[in-house]
Amino acid sequence: MNRKFTWFNATSLTLGFVFLYLPMIILVIFSFNSSKLVTVWAGFSTKWYGELLQNDAFLNAAWVTLKVAVLSSTLATILGTLAAYVMVRAGRFRGRTLFSGMIYAPLVMPEVITGLAMLLLFIAIGLDRGVTTIVLAHTTFTMCYVSVVVSSRLVTFDQSLEEAALDLGCTPFDAFKSVTLPIIAPAVISGWLLAFTLSLDDLVIASFAAGPSSTTLPMKIFSSVRLGVSPEINALSTLMISIVTVGVITASLISKRSIAKQRADEQAAVRT
Amino acid sequence: MNFRRLFLILTPYTWLLVFFLVPFAIVFKIALSDYAISIPPYTPQLDLSAGWEGVKSFFGELDFENFTFLASDALYYSAYLSSLKIAAIATLITLLVGYPVAYGMAQSSDEWRPTLMMLVILPFWTSFLIRVYAWIGILSNEGFLNQALMGIGLIDSPLTILNTNIAVYVGIVYTYLPFMVLPIYSALEKLDGSLIEAAEDLGCSRAQAFWLVTIPLSKPGIIAGCFLVFIPALGEFVIPSLLGGSSTLMIGKVLFEEFFSNRDWPVASAVAVVLLLILIIPIILFQRNEQKQREAGL
Amino acid sequence: MAQPANRPVFAPWTDPNEKPLIQFKNVTKKFGEFTAIDDMTLNIYRKEFFALLGPSGCGKTTLMRMLAGFETPTKGTILLDGVDLAPIPPNKRATNMMFQSYALFPHLSVWDNIAFGLKRSDMPKEKIPARVEEMLRLVRLEKFAKRKPHQISGGQRQRVALARSLAKAPKLLLLDEPLGALDKKLRQDTQFELMDIQEKTGTTFVIVTHDQEEAMTVASRVAVMDHGKMIQVDTPDRIYETPNSVYVADFIGDVNIIEGTASAKGDGKVSIAWAEGQPEISATLANGVALGTKVHFAIRPEKVAISSDRPEGKANVIEGTVHDIAYLGNISTYKVEVAGGRMIKAQVANDRRIARRDISWDDKVWLSFTDTAGVVLLN
């Protein structure tokens, strides 16, 4: 295919990526600023990182967030995978339309509405707000993302693999465990990662679902950011950005290598 | 066999019913209730101990008062209108920024594409809150943008950008740009390069070929991208509350404040119900676009 | 097709005392309004290599999937060794299937793919390795045991799939278009290999194919299907030589079909009027036919001789002009225009060099065939 890469393309890519990345780069640089004034450079320092680690409120919030994210993303992965399996494989059943509606709706629902609805439910059933309610709320909205990721893999999954497993003596559960699950595992893992990130990141739904004793990191950041820019928040942001960057780059390198290896194997197979 | 299938279906089904559908039923119910100084702060309460009479009097007291209130109070309907306006303008700007980026990606060589793709996706994994926060330091009066503009002598006194609608536009375009770029890119990537050559061969200039072939064929991507930006932007809360000013009216922010500051749950619920009704139209249109694309793909 | 004289002819379907391995009894399968299998009754015998042949959508795959247990009949019963299959789930059936896509588990090695079914059978654990090795030897893949499916070639994958489905020594092996993904040359080699393995293991094979050549090569009997019905079930040679319908004659190989009106001539002979002013075609038909019946006369191109001079002593001789010649290397096909603009194909083996061929375009030629060369079809 003939594609001409022009100066126009180069300019728009450069400008686009500068726009996407410059704000974050500035943020990272100024987290090492020794001055309390966040927009005036006054020399290199890591003191804000030190102060951040002394700040119990932030550390507690980080701990709550992590707990919520691990619990909710794990639950969401189990439920989301089940939901995807039902959507793709269970065929017709009563209420299927409602089911698929309920899976796709949270993806486009404004967070303020989801959060409000969740909170009103928790109050109606008299559930005390805290880590449990945040986990329940996060599980519900992230399981839908998991199910979208997993079902897009299941759709391309050759169903005769499952039939072959049954044919060779597997019970349906055994077939799922020893054939389907290992093959869709990458999608399930990326579903988990997506759910985990969404949960870490969520402010609005957590604000509704959280009780007074359970503040998550985004809630903490939000309340301090409303008062203006602070170097501590810059430091915290830098830490979060680096963790995500390292994670995403590692994951993409691993998948790139495995794709390259598979391709090489396939070429080798053709030659033998 | 059938028992297992039932269990398989019922587990996620029940979860979604209890934690997604029932909450919405509650929102609808409270939207029809009245504000009261009590715990919880609305009336009527369903009193099941009073039996059938309780249920009857409960339903008797539900009404559409909150909705008439929303329609009569300028704050609410102008908040809806302003949300629609802000979301629409921001979507348009995102398209104008995003299309050239997606086009550049599609035109780049095969070795570069995965890297560019990752560069677009990476911000998506980074905290939304932090990305919005990053702009506060840039757009404030003594922020980097004003420093830079004054440094090169373009302006004498700092521009007020933060806490205006302009900052909200910047925030939406910035945070939702990947949602615009990715669907357009995937539409452009599928485009057969020989179509452009055929158009040029048949007498089109490059600009004409772009306008007559590339743009129409990337239309599904453009539509998908616009909905993916417009729908969440309409109910946005974080961006207007951090970057917007007191004059920035967006319905997500109104709902949040109605609930947490005024503690008027019935009005907050009514605001949510109306927002939901407004969103149904673009959501259905979006779904139809996706459906059409899926069918064309088969 | 001829069997050596010292070997008993394998034809259990002709023996009324032989008990069939599989019995379809008035089986109907519907998908909603669509009838995939229409009231089918069929027996398949032990050690048979049975081919289901037909165009896509004729119901052959549905028939096979009912045997494997992935579909259940809407009506009727299927018996395996006299036992009703209906209540038995696929994982408990003594049948195994080789899938069209091979369905090799991509996350398991060749060895583990073959061992997969054995691990789920009542075979003692310590006996499994020996069985896997045996299967690997059978399909000549010993060297590839540790590879993953994507690390071997298409032909090798096909053999792994075969080994995996044979490992549990099923009573019945089902093969769904087993050679469909291979290129032509490899497919021909593999056909013979399949027959060899079938003979070695003594397993009953049921194969689904849309390739008539493949069905003719491998099968002991071929069932030609169309729209959920069996049109003809017979040995390959009888299917080819004595098709029971225009559909079968046309589906299997190349054929000339000539429409006409028949009149009986006695002692099993009929003559067919097919064009004004032309001599009637003389043919044989055991049961005779009423005067004026519309019939189709089917004759294979290789049974039609072509010559520049009018041949003597042939039952049927038709005059025509060469319209087209297709040179295929080993044979040439002549398309000859005869009375009424009708085309008749004649096939000649090229046992002489091309330069000396004496028939060319627009030549006047004579087509001839004996009165037993073709078949008279009544429908």
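As written, the chain order gives the labels A, B and C, with residue 1 at the start of each chain.
Basically, contacts are C-beta pairs under 8 Å (C-beta built on N, C-alpha and C of every residue); 3 or more make two chains touch, one makes a residue touch a chain.
Predicted model only: the values in this text are computed from it and were never measured.
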Central subunit by CA centre of mass proxy: A
Chain at maximum distance from chain C, centres defined as averaged CA atoms: B
Separation of mean Cα positions, chain C and chain A [Å, integer]: 55
Computed distance of Cα centres, chain B from chain A, in Å: 18
Chain B and chain C, separation of their C-alpha mean positions in angstrom: 60
Residue list for chain C, restricted to those that touch at least two other chains: 89
In chain B, residues with contacts to at least two other chains: 1
Interface residues, chain B side, partner chain A - complex: 1, 4-5, 8-9, 11-13, 15-17, 19-24, 26-27, 30, 40, 97-98, 100-101, 103-109, 114, 116, 118-123, 125-131, 133-138, 140, 142-144, 147, 174, 177, 181, 192-194, 196-197, 231-232, 234-238, 241-242, 252, 255-256, 259-260, 265, 268-269, 272, 275-276, 279, 283, 286-287
Residues on chain A engaged by chain C in the complex (per definition of touch): 158, 160-161, 163-171, 174, 179, 182-183, 262, 265-266, 268-270, 272
Interface residues, chain C side, partner chain A - complex: 68-70, 89-93, 95-97, 99-101, 103, 105-107, 116-117, 120-121, 148, 150-153, 156, 164-165, 168
For the chain A and chain B complex, residues of the former touching the latter: 1-6, 8-10, 12-13, 16-17, 19-21, 23-24, 26-27, 30, 38-39, 79-80, 82-83, 85-86, 90, 93, 95, 98-99, 102-106, 108-113, 116-118, 120-121, 123-124, 136-137, 139-140, 143, 147, 172-173, 197, 200-201, 203-204, 207-208, 218, 221-222, 225-226, 228-229, 233, 237, 240-241, 244-245, 247-249, 252, 256
